[in-house]
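Below is one structure. I have some questions about it.
Per-chain residue numbering starts at 1, and chain names A, B, C and D are given in the order in which the chains are listed.
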């Protein structure tokens, strides 16, 4: 049944794009600010619930609601930067790691208080095309396209605009950028804001496909670590490629081996890549 | 003959940082190393200390081939160095910094003896009253002296000084030169990278000049000072230098 | 001690002698689903058991597999999926390749819902789906039509028709208030329908009260003896404790099986098994809901033609594609 | 070796007093909460060796607690080996894995090392989840008869309590000796500037691996004791990442790189958590509140309570290490 393979590959590709989108935000923040954002998963969960509320309370169709989520993400991201990170941006890794983790604790804590940990789902359907055993879901295709679009936009923004150039300058050498007149505080806040906006919109898009709980952000956060290391730091394309490779592994390899071994493979890849080629497949220098 | 460097070549990708550098060093000698910025002086120190391993060539230190050995093994054999860009152990006290040198260098002594050595060395470099302060709190010249103290504490046979005079005022320079001579008189061989020409000229027994990774001159300070190639390396065109000297008359 | 909320069997073979379990243990969570399946379609044989790789789900699945094999079912697939799995599409493909008649298993809330949703999205041609935990939660209806006709075990449902008559029919004593009374009083006190957690808790108190009444004293040993002998029917169902190797395990209480059905356009939970507690007929096979969406018989025949064994395709095809993907991305980056 | 001075005596006696209270009062409730505090202290002190002294942020450090737990539990479950022997083998096994793993992941620095340790913990958890030989996802559980060899369940619990007390004292003393020894000075040099340290003659690879090994030994033994007393073990709670982060929380709260810090941090953390959990108002907001508290520490008191005190009052440094 060759179509089982085709279906898995298409599924793997689309899932990979979703994973890629989830990782781009983390990749940007890690690349630019040398900060590992441990609140990435929490913000994704926040994005899921925001789009859910917009849809159920105000009836806003998720894909239009995305714009609101991006705006909210930018604001929340910059706010979080100034509250939690600005003071310790030059401190050793431990402080920034724990600062972002405390933000995650706060969001998850309040989220559990408000939404408890039962699952929610958004019941929308863009139909699906299916022939033989192959079914391709409209919502998944939409999410895939949007994540490619986001990667392209981010790519153009980073490599073709002045602001993007400033962000890349800061990522290469913050002190030098400051000497060249770049307002690094604003740039760092902006990059964190963009990273969080991407995380929340990734969460929102995922919510259109899969049911979710306040804790489902954590699963994507761990996968995003693997993807960032796999795809390489600082390059948005790296996140997408890493995501696709992971999606492939989860969907296609599992046809051969029991699916419960997937996490074993994923995390072993993480450790191996870190050891052999820390800069990842497409990444810049370490 | 304490140190022999043979055809050492070091490349970073396309850039040739050291190009077949060879020289020897006698026991108790002070060897000055000069050359324009980016000539490969610090890279030479890093290769000798094992931070980088050279693509070609060999380094023999007191009859032991130390090419490619990890830095801590080379240090234990008796080489110590100071860094051009200071590397203090910020959250340890000044005395603890120096004790690290004493504990893990050639001396490789226990904590108590290291503490005694540290007090002595701090005295020689004039940091005695600051010994309980956290290293991070010192100013730049003091950090330079801490680097020297840390290197001395390991009682090395070969001491590599990387621009230890930089940023010092004339009084501090002469005091530092005094300390260096005293170290040499205790039987320690010294290699010094400096830009202060008058200082290095009158303290060194011999001078080596590096330019674009290659050794372009070697000899007594006076010989090297008048060597046209050296002047050209520093000032570009030797005739221009003579013209300038003449115009001043 | 009378436990509620604890479904694992292992508690009862650790040698404790004073623990009595109210919940039906994990090992009998899904066995009822197989009985229901056999009753609805005696000649259907092929069952796929898939479960979340976690303690509770694995307990249930291993027991269900043993029960299935003992009762002549063919377990075509018995596989775990990693906790936290979000995309089951390739897993479903794996299941489809085995062409099961029924899929039973599941894990907790989120994965159960996701699995049900994706089974619907892929229009999986299977006659019965019975999942743990997720279907019993009211929020399951949020996945819309995907929930339709999905069944699942539950310790107790307000609709379960345990009555004095059903007790008399089985020749055992009825004790305590009726289902309606419990439902009414709970709603008055808390304002919403009781879930099975609340019912289990109340039942524990009820059983202890009965045991003390039977023993006539508060002395632990006497109450323990009364509990060992007890065999009663309550609003919560039948209560009887095991005294052998698995001392104190609940053997009287049966799981009720609910199915999401459409009552005048709204998704609603109905109890469809066991017969003693049924509030509506089981809709079987499940694929009738696709039938309702006018998917003709033609799809069935096309299926049969392709039924030959899966051709052994080399994985090279997939590796080549992955490499192509990466190189394209690399070139893209280089060119831009 | 430096002979112990006041700074070790008073903290050891303080811990012994804490240990004795439940023994004197014979109260099971006190014993249970003190047992937990002692466990947290052991874990925090062990993490302090690699995090506090060497400056390597081991985020997934709980993996060694889990490995030690599983090895000890399996030895007792399958071969009926005595607890004390089994727990020591468990600890040594965890240390051996840490040493060999350390050769690889200790090459990484900073955030990369942190992520690698998370990867290791998750990979081991997923692996154990699939190994049916040691119970897979269902885990293993003792039949109560196992405790007869130790004079019944009650005595077995008291034995675990005494073993944990002994373990915490040893971990405390080892922590103090490391800080006061040449080995400790080398570790702190690595923490401050690893590139400078290797040039000063510190064998950074060996020292880092040794520190990582030591910091895995004690959690391995602690895991063995805890899961023996617990009666069953599952991958989910043996390799629980949140517990790993709690360990970091305690070391940061108390003061990393000090001896008294982790001890105080564990005590304060356990008390706060206990109070928050039962307080009606904060009950279900306790995660959010611990997040806020962690942020305040990281922002305003990065060197922790003891670190802050030692900075502010110079002459107290001799008494509080």
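Quick note on the criterion: contacts are C-beta pairs under 8 Å (C-beta built on N, C-alpha and C of every residue); 3 or more make two chains touch, one makes a residue touch a chain.
The structure displayed is predicted, hence computed values, not measured ones.
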Shortest chain-hopping distance from chain A out to chain B: 2
Contact-richer chain pair [A-C vs C-D]: A-C
Most widely separated chain from chain C, with each centre as the mean of CA atoms: B
Gap in Å, rounded to a whole number, between the CA centres of chain C and chain A: 34
Whole-Å separation of chain centres (CA-atom averages), chain C against chain D: 40
Separation of chain B from chain D, taking each centre as the mean of its C-alpha atoms, in whole Å: 44
Gap in Å, rounded to a whole number, between the CA centres of chain C and chain B: 76
Sequence positions of chain D contacting 2 or more other chains: 126, 129-130
Where chain B touches two or more other chains, by residue: none
Residues within chain A bordering two or more other chains: 258, 260-263
Interchain pairs in contact, sorted by label: A-C, A-D, B-D, C-D
Residues of chain D touching chain B in the complex: 2, 180-182, 185-186, 188-189, 191-193, 195-204, 257
Complex interface listing, chain C residues touching chain A: 53, 79-82, 84-87, 89-91, 93-94, 96-97, 109-110, 113-114, 117, 121-123, 134, 137, 139, 142-144, 146, 306, 310-311, 313, 315, 317-318, 321-322, 325-326, 329-330, 332-333, 336
Chain C-facing residues of chain D, complex: 126, 129-130, 136-139, 141-145, 231-232, 234, 236
Partner chain C, residues of chain A touching it in the complex: 1-2, 4-5, 7-9, 11-13, 15, 117-121, 123, 128, 130, 132-133, 135, 137, 155, 159, 206, 210-213, 216, 218-219, 235, 237, 240-241, 244-245, 248, 250-252, 254-256, 258-263, 281-282
Residue ranges of chain B in contact with chain D within the complex: 49, 51, 70-72, 75-76, 81, 83, 87-92, 96, 99-101, 103-106, 108, 110-111, 114, 150, 154
